[in-house]
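You will see two complexes here that share chain A, one where it goes with chain B and one where it goes with chain C.
After this line comes the complex of A and B, so read on.
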């Protein structure tokens, strides 16, 4: 009888998380586009062969991985520093915490538009300052080699507070006796950070690492509003490419194929990160 | 440092939104012609007025929060009582779906909306939104139910209170803080959600705030009247500033509980 109460919740999860994946697998084996009149026509895996030979897909994959790797690692390092600062007894901690939450709570599209204006050439503050001190305009958002860095900055700005909160929760579970005992034994603060803090924070770091990697891998709003995937597709993520295939080229079969492929890629990346992280940790704690 | 880092982009938006178009081309110079409220007048007189988008987002946010709670509360109650095996398996399912990058779902959800004729229906948006928030909500609320002492409910049962009355009068009031945290997190998610709102709603008087902002951004790169757009982002951000300042404690405890129990 009790389990009856569980059914609606899990049915909803089945409907929204599991069925789409099954449906995509089915769609990826068919041609479904305006050319076929949106009918499902089996095509013996030609979507998949096209994907394997699609340079744009692989370039987007590399770009997505680059974006996710840089933004997530910067976020975690910054978050650890911020969490350590916030866990000290300082005045106005509450206000500080509230303010550092703001970037996380704002809609991504709003802050992406804000960042686009900040990086604007020539009127944004960054280009204004750089031309004041004689470097001329930097034109970051229209430079294919630099635009992705601007998107990383936007993502780091938005998500660091969230990661910092998780790490801070982890810090607060560490009993302060441990530090005092370590200090009595003559350990320096740096040593106590490496020997006590990091190992005990491990589950929290791992959680935020996996969570953030998965989210950054599916990055969409930020890039669509900030650069639209440009210049010259240099900031295009897999999600943007899947979106373009579905909504602009109206090729649903191929879009579904991209979704499944990126899902498989994501699971692989998370597994590798997990294994690598465990190896690194066991080395550090020796 | 932290303050400057989190606030400066917001302050720059505020500054831009109060500037005249001429001032925008020389943002670092100060002169007496530079301050104006015209940008705000412009977005409130536009058609449909900007307030409309805030209202749409509010409708979607409230309906999704209510639906999520209505489904998550009973589920978490029974999960807190469930035996080890069931609760372990459910926890793994919930965690996996909480980590899932939901963007990948948009195409299938769009097809679903087409089949059910849910396009351009603000209230229908609460179905995918509740589902996306369900993992977090169930995890948080289950943890709260588990922290309650069992004797309390036992005593109420011996007094002859039925399940619904026990939930209504004894258990729900006790986990109020967790319910509040969950509702705020769900509301924030739906207020900010973009890809699904973008693909389900196409009528311009029904779009939600994030979509409205993105449409502004997408219109044209060159002729963009940035002052008005900055004003739009400021107005769009204000309700969230209020929520964050009022419910700061609840948000933090919700997020940290989520991390610890997960």
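After this line comes the complex of A and C, so read on.
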């Protein structure tokens, strides 16, 4: 009887999460493309064998992990700094907090367009400035070695506020008298950051790590708008590759395989982070 | 060792928190700072600790001016109201952290921490985190940390207020044994007058950032310097009633007794307090509280009376005491 109240939530999860997963798993075991006339033809896992031997998929996986690792770690470091600044007793703190949240409130597509313009060659501000000081145009978005860095910058700009908000909430759970007691024992500000702030922030850092890894691993809109996965597929993420297979190559069976594979990868990563997080939480007994 | 506060002042956000406060606490003396919330007692403690800096005035420990030196160099053992134990460290680490930071050798640190743990009977808890300890145990750890500083002065900020009444009573002798019997001055901030009276040699009463009265618990109770002190100290509260123009009389509820002569009264209601009972009376002098033995019975001939020397007289304008107890 009590479980009846859970039905709406349960139905929602079933419809938007469980059913698509089952359907995509089912699709990944079939050939579904223009060649089959979009009919489902069982192919005994040949999609999965193709995936295991697909160099482009594995390269995209590495590129996605690189994107996620760099953007998430930079975001967390910046977010800690910003949160520390925002938690100080300063005038106009409320306004500063609101302003710092703005990038996160913007739709990704809009801000990605903004960043594409900033990196534009030769008219974007970055190339303009570098031309002015004599470095010529940098042409970052068409450089296969550098374009991914531009996407990381875009992601950091957009998502740091979100992480900073989580860290700020964490900072506020640390009572000020801990710092005072530590100060009276002779601790310097740097020591109190290392010995008190960081250890007590760890659960919050890990929490944002899980949130952000999951998001960054599925990155699509930012890259689609900024680079479209190029140049030479150097910024292509798994999500973009899955999208290309479905929408450009019209190979729905293989696209579904990629999505299920990336889901499994992501779940594994998040599970490990989560286990680590819970261990830490019980250790700190917070 | 002596602590001297020399007319210190502190303003926060343009509000006077402490105004012209001067105090002297001798070695081995325990001074309780008592006052309603917001009276500036915690700020006083923070000024002495160096967590806040005075706007003017000076603070001396043993003739050394510490007004502007850093908290650590003041060598003060402080017990915070919340205990301020580090939640991510074990009890042992909590105690040894300060020693480590101050560059005391590992061997010496182990020796000192274990002797303190032994003294406070905390050895069996040394590997636990603060969250796994009871309130009383946490308080003992906070005390241990203050003791480890081997301080020239102890500051206790409401050290008992987070404990239940029973535990408080049990911990008082322990606090006495560990801290109050040493030869350092102790400043004990509390809003609990019973605690102040039972623990302190002298009590300083603050109101609105000013020192209103300082003296032994007995002095303060017997000869309150103002209406504020008279009504703040002593439960049940003192009876105050206007005598004549410009004069207010006060009489403690326990100083009123039943007599054949005196004034008539009507009992409004009675509060049963165990060892005694408190009568709320309606009289020609207004409503009065009278504290009697629990077993007393009142008959219709009884009147209430008090001895003249038990009266406290106050000026109704200045609110200050007129007679000399």
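Operating definition for what follows: the second predicted complex is superposed on the first by the 266 of 286 C-alpha atoms of A that agree within 3 Å, B and C clash if a C-alpha of one lies under 4 Å from a C-alpha of the other, contacts with A are read in each partner's own complex, and residues count from 1 in each chain.
The working rule: contacts are C-beta pairs under 8 Å (C-beta built on N, C-alpha and C of every residue); 3 or more make two chains touch, one makes a residue touch a chain.
Model, not experiment: these values are computed from the prediction.
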| query | When the two structures are superposed on chain A, do chain B and chain C clash or fit side by side? | reply | fit
| If you stack the two complexes on chain A, which partner ends up touching A:215: first (chain B), second (chain C), both, or neither? | first
| field | First (chain B), second (chain C), both or neither touched by A:69 | value | neither
| So, does A:126 touch the first partner chain B, the second partner chain C, both, or neither? | neither
| message | If we overlay the two complexes on their shared chain A, which of chain B and chain C does A:51 touch? Say first, second, both or neither. | response | neither
| field | Which partner, chain B or chain C, touches more chain A residues | value | B
| query | So, A:194: does it touch chain B (first), chain C (second), both, or neither? | reply | neither
| For chain A as apex, the angle formed with chain B and chain C - C-alpha centres, to the nearest 10 degrees | 80
| query | With the two structures laid over each other on chain A, which partner does A:105 touch: chain B (first), chain C (second), both, or neither? | reply | first
| said: Please give the nearest C-alpha separation between chain B and chain C in the three-chain superposition, to the whole Å. | reply: 18
| remark: chain A residues where the chain B and chain C footprints coincide none
| In their shared complex, at which residues does chain A touch chain C? | 175, 177-178, 180-187, 191, 195-196, 199-200, 283-286
| chain A contact footprint on chain B (complex, rising order) | 2-3, 5-7, 9-10, 12-13, 16, 24-25, 27-28, 71-72, 74-75, 77-79, 81-82, 86, 90, 93-94, 97-112, 127-128, 130-132, 134-135, 138, 188, 191-192, 194-195, 199, 209-211, 213-214, 216-218, 226, 229-230, 233, 236-237, 240-241, 243-245, 248, 251-252, 255-256, 259-260, 262
| query | Which residues of chain C touch chain A in their complex? | reply | 49-51, 71-72, 76, 78, 80-82, 84, 86-88, 97-98, 101-102, 129, 131-132, 145, 149
| field | Residue ranges of chain A in contact with chain B within the complex | value | 2-6, 8-10, 12-13, 15-17, 19-21, 23-24, 82, 85, 94, 96-103, 105-118, 120, 123-125, 128-129, 132, 157, 161-162, 165-166, 168-170, 173, 204, 207-208, 210-211, 214-215, 217-221, 224-225, 228, 239, 242-243, 246-247, 252, 255-256, 259, 262-263, 266
